[in-house]
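The two complexes that follow have subunit A in common; it is paired with subunit B in the first and with subunit C in the second.
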Partner chain A sequence: MSLESQELSDLKSKIGREPTSTELQIVAAEWSEHCSYKSSKKHLKMLPMTGPLVIKEKGYDSGVLDVGDGYVVTAHIESHNHPSAVEPYGGAATGVGGVIRDILSAGTRPIAIFDGLRFGNIEKDQQARWLFKNAVTGIADYGNCLGIPTIGGEVEFDECYQNYALVDVAAVGFGKKENLIKNHAKKGDLVILLGGSTGRDGIGGSQFASDSLESEDRSAVQIPDPFIEKLIIEAILEARNEKLIHAMKDLGGGGLSCAISETADALDIGIEMDVEKVHTRESDMHPDEIMVSESQERMLIVTSKIKLKKLQIICKKFHIGCSVIGHVKFDNYMHIKKGKKTFANLPTDVVANATLLDLPSKKPVYLDTIEKEKKLKPITDYSKLMMKFLASPNIASKIWVYGQYDHEVGIRTVTKPGRDASVLRLDNGKFLSAKIDGNPKHCYINPREGAIGCFEEACRNVVCTGAKPIGMLDHLQFGSPKDPEIFWTFLESLKGLTDFAKFFKIPCVGGKVSLYNETPAGPIKPTPVIGVLGLIDKKPSIPQKISDNDCLVIIGDTKDELGGSEYFEYVHKFIGGKCPVVNFEDSKKNMFSVLKVINDSLVKSAHDCSKGGLAVAVSEMCMTNQIGCKVSLEKVPGEKLSVDRILFSESHSRYLLALERKNLKKLESILKKNNVSFKEIGEFGGYRIQFTNSAKSIIDLRVDKAQKTWLNSLRDLVLHG
Partner chain B sequence: MKVGVVVFPGSNCDRDMYHVLSDVFDLDAQYYWHEKGLPKNIDAVVLPGGFSYGDRLRAGVIAAHSPIIKDVQKMAKQGIPILGVCNGFQILVEAGLLPGVLLKNESLNFMCEWTNLIVENNTTPFTNQFKLHDKIPIPIANGEGRYYVDDDTLKELKKKNQIVFRYSEVVNGSTDRIAGVCNEDGNVVGMMPHPERAVESEINPIDNKPSSLIFESLLTKTGVHN
Partner chain C sequence: MAIYDVHVTIENKPGISDPEGDTILNDLVLKGTQKTVSKIKTAKMLKFTIKEKDKKTAQSKVQEICDELRIYNPMVSKVTIDVFDS
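Moving on, here comes the complex of A and B:
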């Protein structure tokens, strides 16, 4: 893969001559969609990226938030979709590695990993099962070895990912504000490549990721080595403590080409480097290969000659490579040599800044009719349906996945995986809550409202732990931007996210765009994945164990919004209908009221209503607490709806609260004062999950039986098909 | 009292263990890098969990050949309390300081979950504050955590009271549900579960007191408490 003809003539006119082959390789890597964001960059500017807690520094690969008392939290999200679709183990593992190094680049220690995984229909498709199983093992083997807990994420299956995989990894770092690397370079500074050796893996990986997936180009997939990554983390944090780093960047997509040009461009310097100085895995590598190899576990460091000695001592201690490959100049050129011979000499701003595109967009035709519903087959036995639903891959517990991840290492995990969001303790006595959420089924039906819904769901999850959202990460995954209809869905999602972020004053602190997620069978559904970080000032009072006679209160209205719901798609095999829409005002009222009643210690447990609707959310509370519950559907506030719609609507802004009866009055008065729509709809106790409608039994399940099915079905499906 | 925390390339529970020893139990903990020796005036040694050398070849086998292990072996002979947790246990086994081997879990997967231990020997420096058969809620996190010995060795272990902890139920298929063992003298103890992850109430959802007794036992043994 190389430059398009227009880009080639652009390059020629910018440098005023024919480019060399090495230059072509460098520019093709850096101008790939993956590295340059050329299709999306113009539009991404609409997102709010500043706020009172956001710390901005040049050249950061991760977002930085001030969490008080001299501490910062860093966060970033990336995907590794193409590699994972070809080689799920290595693709997923190196996906973890890459985002961890982004966190490290700021000078913070990575303290948590989150992963969002999406595959085809694993009930039918053996290959989807294989991809799923191996991606999970890849993440587990990598993250566990690093000793960074994987504490959250999501797993979803949808036909649109047939023969494909979405592997999104987010990471969070923590450190002292004073230890942040303030990227800078001084005259005479050296450029150092630290870590693993450069080999022939991941050649052209960024271009591979910037086209639809048609061939299994294995040489474009990187090989993971978590052991070296762990050594790099410790070595770099030691070097950071000794203030040995002037500037730092991880080597990811585009390898050295990208790291050198972007570092030089961000710091407004030039860099001269010699490929012969790079420690390589093979002796006969061509300069072109060295420049675009995406071998993992490498960091680029700029430091002075004096500090180099100390850095070398640290690297020797950890037995990791540390090569001086070049030095800083002030001519704003990247000058690539082999010995004395020049192979490339390019202005860094040309390399680092591809010509941005303004692609045409057009509303997809399918959207004109998508909201029209078909006639559904009536449900005769809701209890039976519910058991099937709890066993379905998207609803079933993901314990088979997170049970393979070390989620305790680091001894920060206060709230463990399996809840709305995990919570970590920080060194300043505060607590961090984080969650990532996506919903391609909603986004397919309405790209704008679906994306907003993902954002709100991530907020709801974090709010259910008692945390106030302080920052957002967006990961926008779509098909080819050259298709105007797909590009329209991208823009709609982005606009929706922007509106919500501005309304709630939640800054976007990091993100990634992944386009060309297509196979010969077609593009994926629009899949924005949103991460939200929340902060809790004191030790969270929830969740507490729910006990007999505790009451169940729902906040928020249940509406006729079943488009893209699990009920329509899994039970009725119907894609269409009206997707849930977030009312910003209601969303805000509900969110802040839930935070208020949690902070006032009025509730024992809070849970958001999302995939599978009210029926699944109540069941999850019961199964997690091993207690029954009796719910009266006629009491559920909202539109007047048929029983199935009340049970399975996926309307947003809804929360379930469990509380002691003695606190109900106080809770009601707060909610009334805040003008929030709510109702006590049930009571916990016994050992059955029961839904009734005007005294008529609708669903009646034994908690233990339901729980067994819910916990084991995903594992059984993976292992036994 | 001085406790040495041995750090290998790839150790990843060293900082957690250090925090628990120094901040929770107020001990004088020190890190010791695997290439260095241990000082003579040390009162106890802990080998923390992690992935020393990335678990290459077999968990713990490369670290067992580190220079520092010679000192650990010497101290073991002198009767100094030595605790190996998770990868630390694997290293002690590979170094020949403890009997048995650790195989891949029966599920063939890495397993991270909370489980219960039963105290089977309350005479070691790490269990002297327990009553026999006390229960300890504690998390495991390992891929190669299935303890295995043959029948003859199992008989020996029972005879010499070397089984320190059992799982309360079958967790990973280990021989006789063994979760931790000691040497014949009882001063070297290895266990797969992570006590350092269970001693603080903030992160222990069940009860942090039982696992705290592992460290309280050490304090008692070395005369800090009596």
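Moving on, here comes the complex of A and C:
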């Protein structure tokens, strides 16, 4: 129960009487932060949510984008942080299940899963290793059983997630525009609960997610069942083809309370339901428990009496439960009964629309001094440092993670994980590119610029595959909004994302806000995670093998921006400095120039420069192609900087291009014409990764040795500590 | 010192769903002619053979091992430890 005294008196004055215990439970679930977005909703409106490709319908749980030729792509992002922190396997798996049902509820088939995972320091902390290992297994087991490829994501470790886990799951769906569910209902239509049985698991989950995680208060555990989910997907899609669904909603946080009230409110109808009709796992469940249970793998469907028979036949064929639990009426009330007895009777607009809050915000004190740099210890051996860096958990290859995911099932995956962004083939001959990115280290130092940086990085990754960004998903994860300093960081991030989205005309098609992410040691760093979808009209840029004498060109300036960089935080254990800032004009120029040279087939592969800076980006290109490269640091465009800063600065809007020498002239003329800052900084060949500064050797590594360390260190760390 | 067999049974807590057990019941047992079965629960059992001074120590030692190595998650699972003379 997390209804505050103010909210309770609000409720009483709105309904004009004392609420019953069932009503209290329903309202507490629906008015929780998790379901009502009461702290954030007022502000989220600032994001641009419309665009020429965006299709809006009432009651959709996912964003819908028109990709032409009568087809649509749907996308949604969710998190399952609190459940994953106590039961990483089940928590992460059921997170995947939830977001997939959001895609399904628009009437599209889920075709890809992405996951963003964040944990504490796995080098020191056994708990973090346990959480990491089990969350990855949970996602793999669930996604692989469903036959939906997990094609991308990111993994990051930071002390601020000690004893905690951020598990973000995004999913993409695909379907015909004519098959989209147009949510509507007529008087007398039936309300049907389809899927798994309702049990006591996950009772009060949404309230639990809206309270800080206290060590003893850990009760909402859900057990994943991917096989039921698979049956639900197939049954729903068959029912969709037969036009049996009038309206549909998945049951997530808040269970039936949330699904009934939100469906009724969105469709401007009333629903009368009988809890005795719900198929339950245990016989002695109280109506309160049935209404707030968050048992997984359930969908709410509105259909007509005539179509019911056909729907029941489909459910029988797929062996899934299907109960008629109520019917539609037109008084805008949700009336919950058990047999003849009424347990709750509330106006749906009261339940579905919590009083929105206007919380105070205040710039955090720590930000006044955070940009001041401390004196760093000089680096004596950069080659040795680089090897250590390549083995560090945040830089090392995540192959141990995505190697467990089936990323090719469904045979749409054109570019597999491990590259900048993954690419999927669509049925209309176009390609979809997608990526999610976050960077809490930057966001902690500057919530606004950090959030913009995540957005730009996701765009860069998508652009490197030759795709034009068409939509974004935002997932805003912060600590308690009641702390004005935390709420300020939330608002700053949101404003930054809004500015960038408006400037680039990329609509926000979906998102989620997850607040109260607090550990016993305090709030997490601001962690917005941004997903970007890109569309490729013709053919995607599939990276070609780089060979001897190919040249390396960098686009974009390298600046003195090491705040929140892996170099400062991992090597120097220093949190502070100036975090990278995106210059919108440069960003746009660079992005469009890269797209142009990719479309003109001038480059063999494009790679963005991000975590770990230039040194890591060049090494990654070398290691994935098993070829050496000689880079002259004095040629790198940008401010005049010391060697370590050129190597490890994480300035945005930078791209590395590998191309055949014969294309260099053409490339240069395009880049010059677009007034882009660029330079040829090196040449591929041999078997050593070499960085020199005015002929002086700075880094000299063997590619095979570097690659072995980079590929294996994360696995060794997880499995052997 | 004596040798004991220690059986550790790990199962989902009551009230938490057990998809595997349900599937065995509904799609295997009840599909046949058996109609008297009403519930099946799955569990995992680890059989330890351990040398300790008495039954009680054998039990607490095994419990300690399972807790420390996170062989089960106390949030999800119920654990029963039975000790037998070897």
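Here is the rule we use: the second predicted complex is superposed on the first by the 716 of 721 C-alpha atoms of A that agree within 3 Å, B and C clash if a C-alpha of one lies under 4 Å from a C-alpha of the other, contacts with A are read in each partner's own complex, and residues count from 1 in each chain.
Quick note on the criterion: contacts are C-beta pairs under 8 Å (C-beta built on N, C-alpha and C of every residue); 3 or more make two chains touch, one makes a residue touch a chain.
Since this is a predicted model, take the numbers as computed values, not measurements.
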item: Touched partner set for A:145, first subunit B, second subunit C, both or neither; value: first
item: First (subunit B), second (subunit C), both or neither touched by A:221; value: second
item: Subunit B versus subunit C as contact partner of A:318, first or second or both or neither; value: first
item: Touching partner for A:686 - first (subunit B), second (subunit C), both, neither; value: neither
item: First, second, both or neither for A:86, with subunit B first and subunit C second; value: second
item: Which superposed partner A:637 touches (first subunit B, second subunit C, both, neither); value: neither
item: Superposition-derived comparison: subunit B or subunit C, residues of subunit A touched; value: B
item: Touched partner set for A:418, first subunit B, second subunit C, both or neither; value: neither
item: Contacts of A:295 with subunit B and subunit C, given as first, second, both or neither; value: second
item: Intersection of the subunit A residues that touch subunit B with those that touch subunit C; value: 225, 227, 319
item: Touching residues on subunit A, where the partner in the complex is subunit C; value: 86-87, 89-90, 130, 196-197, 199-201, 218, 221, 223, 225, 227-228, 281-282, 295, 319
item: Complex contact set, residues of subunit C against subunit A; value: 12, 15-19, 23, 26-27, 70, 73, 75-76
item: Subunit B to subunit A touching residues, read off their complex; value: 9-10, 12-13, 15-16, 19-20, 33, 49-51, 53-56, 109-113, 139, 141, 143, 194, 196-197, 200, 202-203, 205
item: Subunit B-touching residues of subunit A, taken from the complex the two chains share; value: 137, 140-141, 144-147, 225-227, 230-231, 317-319, 402-414, 416, 425, 539
